[in-house]
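Here come two complexes built around chain A, the first alongside chain B, the second alongside chain C.
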Partner chain A sequence: MPPKNNKGGAKAKELSEAKQENDNSRPQTVFERAQAAYDLTRPPYDKEREELGGLHALSTVEKTAYANWFCTGSDELSCLSKKAQKELWKQVNETNRPLRRGQIDQPKPDQWGKDKLGRNIGDYTVPQYEQRIEKQAQLTGLKALGRSFASKRLYASKGLVDSSTGERYILTEEDIQAERERRKEMAALKKDLYGEKMGSYSTDPEWDDIVPIPQMEPEGALAAIAYPEDYAESMSYLRAVMAANEYSPRCLKLTEHIISMNPAHYTVWLYRFANIQHLDIPLLDEIEWLNGVALDFLKNYQIWHHRQLLVEHYYPTISGSPDEVKRFAKSERAFVMEMFAEDAKNYHVWSYRQFLTRKLGMWENEEHGELDSIEGMIDEDVRNNSAWSHRFFLVFSNPRYATPESHATEPDAGVPADVVDREVAYAQAKIQLAPQNQSPWNYLRGVLVKGGRELGSVKGFVEQYVQNLGEAEKEEVHSSHALEQLADIYEEAGDKEKADLCWKRLGEKWDRIRFGYWEWKRRSMKTAAASS
Partner chain B sequence: MELQKARHVQYFQRCYTTVLPSVYTSMDSNRLLLGYFTLAGLELLSSPSSASASANEGSAPTSPQSLVPAADRQRLGDWVLAQQHRNGGFCGSPGHVQPDTVRRGWNEAVSYPAVNDTENVSLPGTYFALLTLGLLANEDADSVGTAFRGVNRIGTLRWIKRLQRPDGSFGEVVNADGSISGGRDMRYCYMAATIRWVLRGNEVGKELDINVDGMVQHIRKSQAYDGGFAESHMGESQAGYAYCAVAALSLLDLTAADADNPNRYLQAGIPNTAAMVRWLVSRQIVYTESDESDSDEEKEEEEDGKDDTPAVPTSEMATLNVTGTVLGGFNGRPNKVADTCYAWWVAGALHVLSDALPEAASLDKVSGREFLLQKTQNAYGGFGKDAGSPPDLFHSYLGLAALATMAGDETEKGLGQFDVRLCLGKEAASRVDRARQFWAPASESDTTDA
Partner chain C sequence: MAQLQDLPDELQLATAAHVQYIQSLDSRKDEYEYWLTEHLRLNGVYWGLTALHLLKKPEALPRDATIDFVLSCQHENGGFGAAPGHDAHMLYTVSAVQILALIDAFDELEKRGKGKAAVGKFIADLQNRETGTFAGDEWGEEDTRFLYGAFNALSLMGLLHLVDVDKAVDHIKACSNFDGGYGLTPGAESHSGQIFTCLAALSIVGRMESVEADKLGKWLSERQLPNGGLNGRPEKQEDVCYSWWVLSSLAMIDRTHWIDRNALFGFILRCQDTEKGGISDRPGNMVDVWHTLFGLTGLSLLGYPGLDDIDPVYCLPKSTTERILGSRN
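Moving on, here comes the complex of A and B:
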């Protein structure tokens, strides 16, 4: 039969020529081997005809042989009369050329397909190809074992009995582990052979019963993210178990996995909490786990919301025992301090600390109170505004005397005078350490307002930082905040000229970047004076 | 130093056309936010008003082609709407959307949908989705008029109402059992107020509207002893919360349309306005680096080695009376370092607050602008958090927002005019406003049609 594909034939010729140069005509590639096998199944003049490009190139004898070969192989042979057949065979005999014929189709160079890298498998060397076949066989074997695992699992779940042994089917942990290993092997083989990726969930038999819900999104969506390998798959399993309201240890593990990649996932935390509750996980264990996560993701908010929920649920179980509350307060504070070692101004952590103070009653006068700790933090960094703010909360929200819900900016008659005195003295002592530190200056103002006292009540203290104002060379200002407060003290007392001078000097020299503001203060006072 | 407009255009276009790197995975639950910043940035860099300033360069003042291609807008709008929950409100990300096939079905026992995933609806998601839809409208009346078609207005308003706590604050999500999750965060007040304004929640009757007075009282309680605003009562003041507080109040005033006192809520919600102004202007600090010179990087490194914190502003007196050009950064809290986004939060808060004041106190805008342009503007486009930080979408957009806000009516060359209350370019904000007509009472829309 003439070749169907001339191109293929030509290529085969090239290949066979190349081969001859290398090795004494031993086929190198898969295609060459197939071609060689094919050649063994046909007479040499057919190969020759193909290589030379047509019948015309053959000798007369070979032309006749070819015609004979062609005719004897075709179905038309039976159409000939007995006599004609006999004549044909006679001629064949006289020509004395082989007539062999096999059942192999002529190989095509691309009939093996391509591998994952787009390489033509026909160009593989024979050992390479054999390796590939072996892997495919392995995969087939593994799949068969996987099917029997699935059957066994099904039978076990239905409580069926193995008729050959008379025992019930039982799926053991070893079976599952073996399947897990098997899937890993299969995933590796699939990736190797076909470039197919199998995620860690689709290869885990524990998740076989879940049909993942993939993320539905059109092409060209906004703000698409190059997700890390496992992220998209784990999210699709999360959607599925959340939709099914499943609460189980595997779901708990799934939430941990997702949190490790996207801690700001707002529903995974809520879902994790629901799992904790359904599985009755000890809250302290969860808090312990959370510590590590918090230290890994310092800026995350959800972690602290979760912690707050845990404490809300844990507290009622210990509220009857003051000792336990104390112990818990101390361990929580210890962790909060660990967080502050990383970032002493972390807003979420301070916010949580306030919650904790309220919840566990860690006020200044309690044995497990916060005051010592906060003083320690201010001593460590007198400019830590968060610590100052927490102190203000601690002192002025203390339920022992503070009016509930009293605003931070309004006087509270409930606060005892000695507490106000103490706080004024505290702020002043810290100002002396660093006069140009606005945190204690702000604190001092806040304390005076809370105590219902005039700014002027600390005039003497403030004045030490400002000398000879407006007197050219002799003017000395050690703190712009003092100068500002002095202006407010003068304004409060109705001494507008002096207040104006303070603002003027602030803008001119002592705090130039706020020149516009100081000028505005000056104008505002004048406008107010004019209109009143 | 000038705004490197071409670089910023490249930066936002990169964010628009390419996949964000995997470090953004931790923001995967807020992709609507990322999308909004991308589009709003492109919009601000190509709005009609962004061209007027560059007209004096000699080139003809043509209205620029929007960098958000008209051909993409419908598709992007559909993408946003695909994140709407069937009960109203939007999920923060496509990853939080449960397909309708899952949501469908009925649980006979509780007479409720079998899958009640209301916790996937998020307040930030809803806020960014609505503004994005308005932003994506084209200027023509048809497009603006239908920008909110497909939005479940009543469902969303009902959800927002459920999100409000008895103390007036808002959470982030409502759980299936009706409980509210999320902090008592001032940002949520701002977002809720914006959503209410967009959906005209004040016009649907009291039983559907949020408790406005409760919200104002909650904000009022959150002013801190130093005059700033905290996330909630007795917390530490922080500039972002200051902006959210005043902008929320201002949006409430916008819906109240009280002719006698247009700043009713702004006044009611801030116990001490003078203290707040004082606190805000105090956020500007003289930026110092230990004798660094920009060109001499080796020297800088050497000094970095000696001192762990070379860029920490020393608030000592010496830095305050320096003369000449200074770099005026903004911090978010006292004694913290300067950060790009706080230039926006502070300038924005002060700008909104000035509505309620007879005369606005001004920041040192010259030095504030120089700080951003010289220190946090990235050579390859975008803005980083602080000097030397790589750019990110959040700081890149808010850096532009800060420059546009500080420039005010004079406009920063190459940037459009800015609606400070919505943190959005003026033209886009105007489209959002006009798109709200979709829900206008019949009589009102009749008159606008005529």
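Moving on, here comes the complex of A and C:
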């Protein structure tokens, strides 16, 4: 049951009565007010004539008065005799016609136009309308101030002297800041009044000299491009400054803005790099900004290409000082590791790390700790194939001993035996942690090839993962990769029967999805045996 | 291969829905993603159009408007940008050439564009004559994708003689890895996408002799996971796009039978949106045109009924490459 509230009810009634009274006695809307004013300035004959539908409805007296009034609107008055004039004024006095200047047109409900929402302004209440007029006045005032700013800027640029003070015109930072604030106000007013949108560049006096170039496309083109407004505005300014080959701090800021909206836009990155070169922006400033962008957009690769260009550009300035190179290598790796905390297999970041290793010569562990860093990553996730791949690169491309141009797939006599021993032991230790992990098995094979060693040299190690092969119940295989490698070891040693058994069991039980591959292996060995 | 009507429901391809999905891409201009992918626009047209050809609906995108758009992306230097007003770049130039090849419009390039010769010069100028590699643009980023793109586009236009093929082949050899695969640059981790670009480039110039097919095929076949899908690198998740990179590579060395075809069929078809069309990276995810194309090319390589044959080297319908290059087998 609703609560009784007599007091509230009575109050509401009072209010609605007051409103009604108001409605009847005073004009509410702009149109009503204009209509009331029009009514006030109309002679009663006119009003009556309009209301009755024509002059024929007037009485004789009214008609006389009307005719006399009508004549006062013309030059014919001077043609009248003195007597007639006297009579006229008597009539005028009798009709008590209200005085008015000129002719007021009868207001039309739609003469004020529509506002940004399509509402008829004539239907505005008077206070609403006054508010609108107030805003329009404000806008006009701001525009006037803006014009004087523009003149001052022009005079200042031409070095003119202010005749009232005798001093040169100078545009100060405060002037610009004031204009910036003013434009913001103007933009807000325009949006409020007319629904016009002014973008952040068209309201910034710093960009006044630029005429933006909007995207031009044929009507109805396939794959035409539609932009949200902010992005479209920024791009139109970008086109303009690029066309003018401008390189400046504001262009740098513009690229920053666009990249924050769409980091995959490769043209913006190229232009940004050109700005960096022209303005000689310090490397670390750019790197600091870039770090934030890289963490915001993990999948983007333009960022890493940009970083590579930066390092190429700046390396000559630090290459003479090993300490500086070392410091830079350390800080770059710290950031790369921050990226890997988000995605430890990010291909672009790994490619950059290799570039960095080569460019900065981070080969020696004692000096740069790169091998330690990779070991740390493999310890964290022994299945990280990217880390394994980087380790192979790091160990077998070291220019101290590796033969230049030696491919990853061929033996390299330059690699010392102790390095090969160390890497074999390393891979084996990691296989023990997770025998079904592909990465260290591939790595082990790769190391043996590099070291020019036979697969059979690790037979004892591999065999421990396979027991009682082919003996139904007793068969134990702890790693299909071990079984595969064992087959290759048997094949290498010419023990075809044992190799065939391994492949057979792989296809039947231990790696069924590649049945086709194992069968092919078996067939091709038999074919080779038959033809030899 | 089984007849279409014999396949169980879950192995049916939603052809009509896919055609509709690709057609709808161009009318989604009010969507946020649309402008974020502007830098891929020309690629997007290539992906969509190739998919439509495989679905045997080549007329589903208007030919004249396609030509107009492609030519509007061309620069004075002959190269193409991703969209009008974007810098010229190798990747978009290749897409432009592929699109024009697909719709048999090289004559329009001569009549209304800057002509084949200018495109060929743009690409050839991006080769580093010392190392044989190719850059993507004047800024010099180099990787095997660009090398493949260059060979692809130049051979379609009959202009391979403009570049130093031997040096480029040497570079590809240097990108081979200890595990049998190829990486982005010498020493970079093996990646199925990069393997595709290296093999296809070698295949275009008939220099497959350096490929260790068995070792590479083994690595590629190891990309199949128990759910039937393929991954791009060891210990990574499966993704429909590798149905193309891995499978086309296996096709180039004649070893597609080393993986379980039915299991891969099932995986790709489970990634379809059967109502609104399109194929996603994994079952249940959002579809996109890129995965749609590579799901379809994967199915085509496996011989799914009702699809046009894809050329594993060019990623164009076989009918297109045969028209331009003749039969290569």
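Definition applied: the second predicted complex is superposed on the first by the 428 of 532 C-alpha atoms of A that agree within 3 Å, B and C clash if a C-alpha of one lies under 4 Å from a C-alpha of the other, contacts with A are read in each partner's own complex, and residues count from 1 in each chain.
Just so it is clear, a residue touches a chain if its C-beta (ideal position, glycine included) is under 8 Å from a C-beta of that chain, and two chains touch if they have at least 3 such contacts.
Since we're looking at a predicted model, the values are computed, not measured.
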Clash or fit, chain B versus chain C on superposed chain A: clash
Which superposed partner A:R132 touches (first chain B, second chain C, both, neither): neither
First (chain B), second (chain C), both or neither touched by A:A243: first
Broader residue contact with chain A after superposition on the shared chain, chain B or chain C: B
Contacts of A:Q436 with chain B and chain C, given as first, second, both or neither: first
Touching partner for A:S479 - first (chain B), second (chain C), both, neither: first
Which superposed partner A:T527 touches (first chain B, second chain C, both, neither): first
Touched partner set for A:H305, first chain B, second chain C, both or neither: both
Touched partner set for A:K509, first chain B, second chain C, both or neither: first
First (chain B), second (chain C), both or neither touched by A:K108: neither
Intersection of the chain A residues that touch chain B with those that touch chain C: 215-218, 220-228, 231, 239, 262, 264-267, 270, 305, 345, 347, 350-351, 354, 383-386, 389-390, 392-393, 396-397, 405, 407-409, 437-439, 442-443, 445-446, 449-450, 513-517, 520
Sites on chain A touched by chain B in the complex: 213, 215-218, 220-228, 231, 235, 239, 242-243, 261-267, 270, 297, 301, 305, 345, 347, 350-351, 354, 383-386, 389-390, 392-393, 396-397, 405, 407-410, 436-439, 442-443, 445-446, 449-450, 477-480, 509-517, 520-521, 523-524, 527
Chain A-touching residues of chain C, taken from the complex the two chains share: 26, 29-30, 32, 34-42, 44-45, 61-62, 65-66, 68-69, 72, 81-87, 89, 137, 139, 141, 173-174, 176-180, 183-191, 212, 217-219, 221-222, 224-226, 228, 233-236, 255, 257-260, 263
Contacting residues of chain B [partner chain A, same complex]: 15-16, 19-22, 24-32, 34-35, 38-39, 72, 75-76, 78-79, 82, 92, 94-99, 102, 115, 117, 119-120, 122, 172-173, 175, 181-183, 220-221, 223-227, 230-231, 233-238, 271-272, 275, 277-278, 281-282, 284-286, 315-317, 320-323, 326, 328, 333-336, 358-364, 367
Interfacial residue positions of chain A with respect to chain C in the complex: 215-218, 220-228, 231, 239, 262, 264-267, 270, 273, 305, 308-309, 345, 347, 350-351, 354, 383-386, 389-390, 392-393, 396-397, 405, 407-409, 437-439, 442-443, 445-447, 449-450, 513-517, 520
